[in-house]
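Chain naming follows the written order as A, B, C and D, and within any one chain the residues start at number 1.
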Amino acid sequence: MTTDSNTAVATVDVLLGPDQLNDLITDQFPDYAACRVTGVDGRTLTMAVDGDRLRTRPGGTVSGPEQAGLCDLAAFLLINARLGPTLMALTSSLQISFLNRPRPGALRVHARTAKFGRRLCVVLAELLDADDVLVASATLTYAIPPARPETA
Amino acid sequence: MTTDSNTAVATVDVLLGPDQLNDLITDQFPDYAACRVTGVDGRTLTMAVDGDRLRTRPGGTVSGPEQAGLCDLAAFLLINARLGPTLMALTSSLQISFLNRPRPGALRVHARTAKFGRRLCVVLAELLDADDVLVASATLTYAIPPARPETA
Amino acid sequence: MTTDSNTAVATVDVLLGPDQLNDLITDQFPDYAACRVTGVDGRTLTMAVDGDRLRTRPGGTVSGPEQAGLCDLAAFLLINARLGPTLMALTSSLQISFLNRPRPGALRVHARTAKFGRRLCVVLAELLDADDVLVASATLTYAIPPARPETA
Amino acid sequence: MTTDSNTAVATVDVLLGPDQLNDLITDQFPDYAACRVTGVDGRTLTMAVDGDRLRTRPGGTVSGPEQAGLCDLAAFLLINARLGPTLMALTSSLQISFLNRPRPGALRVHARTAKFGRRLCVVLAELLDADDVLVASATLTYAIPPARPETA
């Protein structure tokens, strides 16, 4: 796979770069306007999150399901980066351990592929706060649709 | 544990009944106004969900993190029913398998305790759609705070 | 699916009954000679386990991975009961919560299908001790091979 | 914490080094004679495994529960390295994704702490084969006993 300067592909290994992935967030995930992809290659993706715009739970911290949603979004975008737009890649399972309560402010998600199969992808994601404290660690499995719609 | 007619405890085994749990939703979880506890005893809780008021993902189905959030809420409420208001019961891990796409409309969550320890609770939750199809199955672990605030 | 009197199929819903599944244990899983299928239908399977013949961990209780192995075996056998011999059904993920330390003696595993798809099966399994105490609760996902070897 | 030359502590951050951890395997985990700790510090542990001495499943590959057992052992040893001998550190949950079938031969487990709390530890473990292929990825939660025996 070669870089294509016309479509601003970030690296040789992905079909969608940060700009296109951020457009995907805007178009398809309006609830996640707090999120912005800052880097992607064929195996990893980094996403910055404005923590002040997330759902909180009693006590004021970012809710667990919201943390799960951030990891899920990053994993979904990493798969889309690699395959091209694949909106019907569906999460088949999600495991997340909540490790430390995040400090208020910016968060980051680091996602990386553990397995990229034809039918199943497994992505490991870590959520960190502004002090680089590990907030949550997640394992996400995606079912890849048999017929991949390669265009939006 | 005996019933206390003054506080409308639903059964001998819980400290909070459906009405009080629904007040807890209203007060503490405004994002989950679609949810309503319909039954609870010391080991199980049932919650009805208006599926049309939930976050969707591309394709129009209820998003995975939203499904996780419903299971998490039901588990949290079951623990609160049993212990009395314990807002700082925190999810320490969540595993969810997404099994079938729900039909549009009403959903139900059935939660039951698998372990109710002094420090850790494990709750199993199942999400079903209006046709009784199993939509998701989840295992949630909660850390119980050492000092339990027994009153709101 | 119809019963086949020649092959002693247990019910209309399974292709292998307890006797054949127990032969499968003997032939393919010699490490699990402590296990014996006692009942199976299209959705559930029950397996009895001689707890004195299992791997223990320091402290003398049945080790966690051994508990995981019992749940995994029961799930595998349930899938084989339904599909006919499918040795290459592979576990793709396993989540297990260890809830209570089992009393010495007999154990039981109850497995049930949460999803039986063409490519993926999800099985929920519970491990109980002789006092009916819930020892462990597991969620297992299996990848079903595209070409199913229907004969041993 | 300072090094203690008398007890051959491997680094400043651990109370037990590889030699002592390998003695622990010999004494307490005779089923895991195939395993040998090759490195440890306060946050990570590496363990080499003779893959030819492990339980296999039909098809000849290392069984899933055996892979889970390797990850569980490495996590347990990492906790013991840091706390000193703590045989009653108990696995409270285990999640493992099986990613690729390992090639025959040597395996390695890399374990690292994601959270090291007073009551709960979360360890992430990866199992790799001789070709550095990621075979499995696991998340393990341990309950730490309230009274820690800090000496053997």
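Criterion: contacts are C-beta pairs under 8 Å (C-beta built on N, C-alpha and C of every residue); 3 or more make two chains touch, one makes a residue touch a chain.
Everything numeric in this text was worked out from a predicted model, so none of it was measured.
Colleague: So using the touch definition from the top, which pair is joined by more C-beta contacts, A-B or B-C?
Modeller: The comparison resolves to A-B.
Colleague: Going by the average position of its CA atoms, which chain sits the greatest distance from chain B?
Modeller: D
Colleague: Same or different, please, for the chain A to chain D contact, judged on whether over half of the interface numbers appear on both copies.
Modeller: The interface is built from the same residue numbers on each side, given that over half of them are used by both copies.
Colleague: Suppose each chain is reduced to the average of its Cα coordinates; what separation in Å results between chain B and chain C?
Modeller: 30
Colleague: Would you mind listing the residues of chain B that make contact with two or more other chains?
Modeller: Expected reply: 92-93, 95, 97, 139, 141.
Colleague: Of all residues in chain A, which touch chain C in the complex?
Modeller: My answer: residues 92-93, 95, 119-120, 139, 141, 143.
Colleague: Going by the contact rule at the top, pick out the chain C residues touching chain D in the complex.
Modeller: Contact set of chain C toward chain D: 28-29, 31, 55, 57-59, 63-66, 68-69, 72, 87-88, 90-98.
Colleague: Flag every residue of chain D that touches chain A in the complex, lowest number first.
Modeller: Result: residues 95, 97, 99-100, 114-115, 122, 124, 134, 137, 139, 141 of chain D touch chain A.
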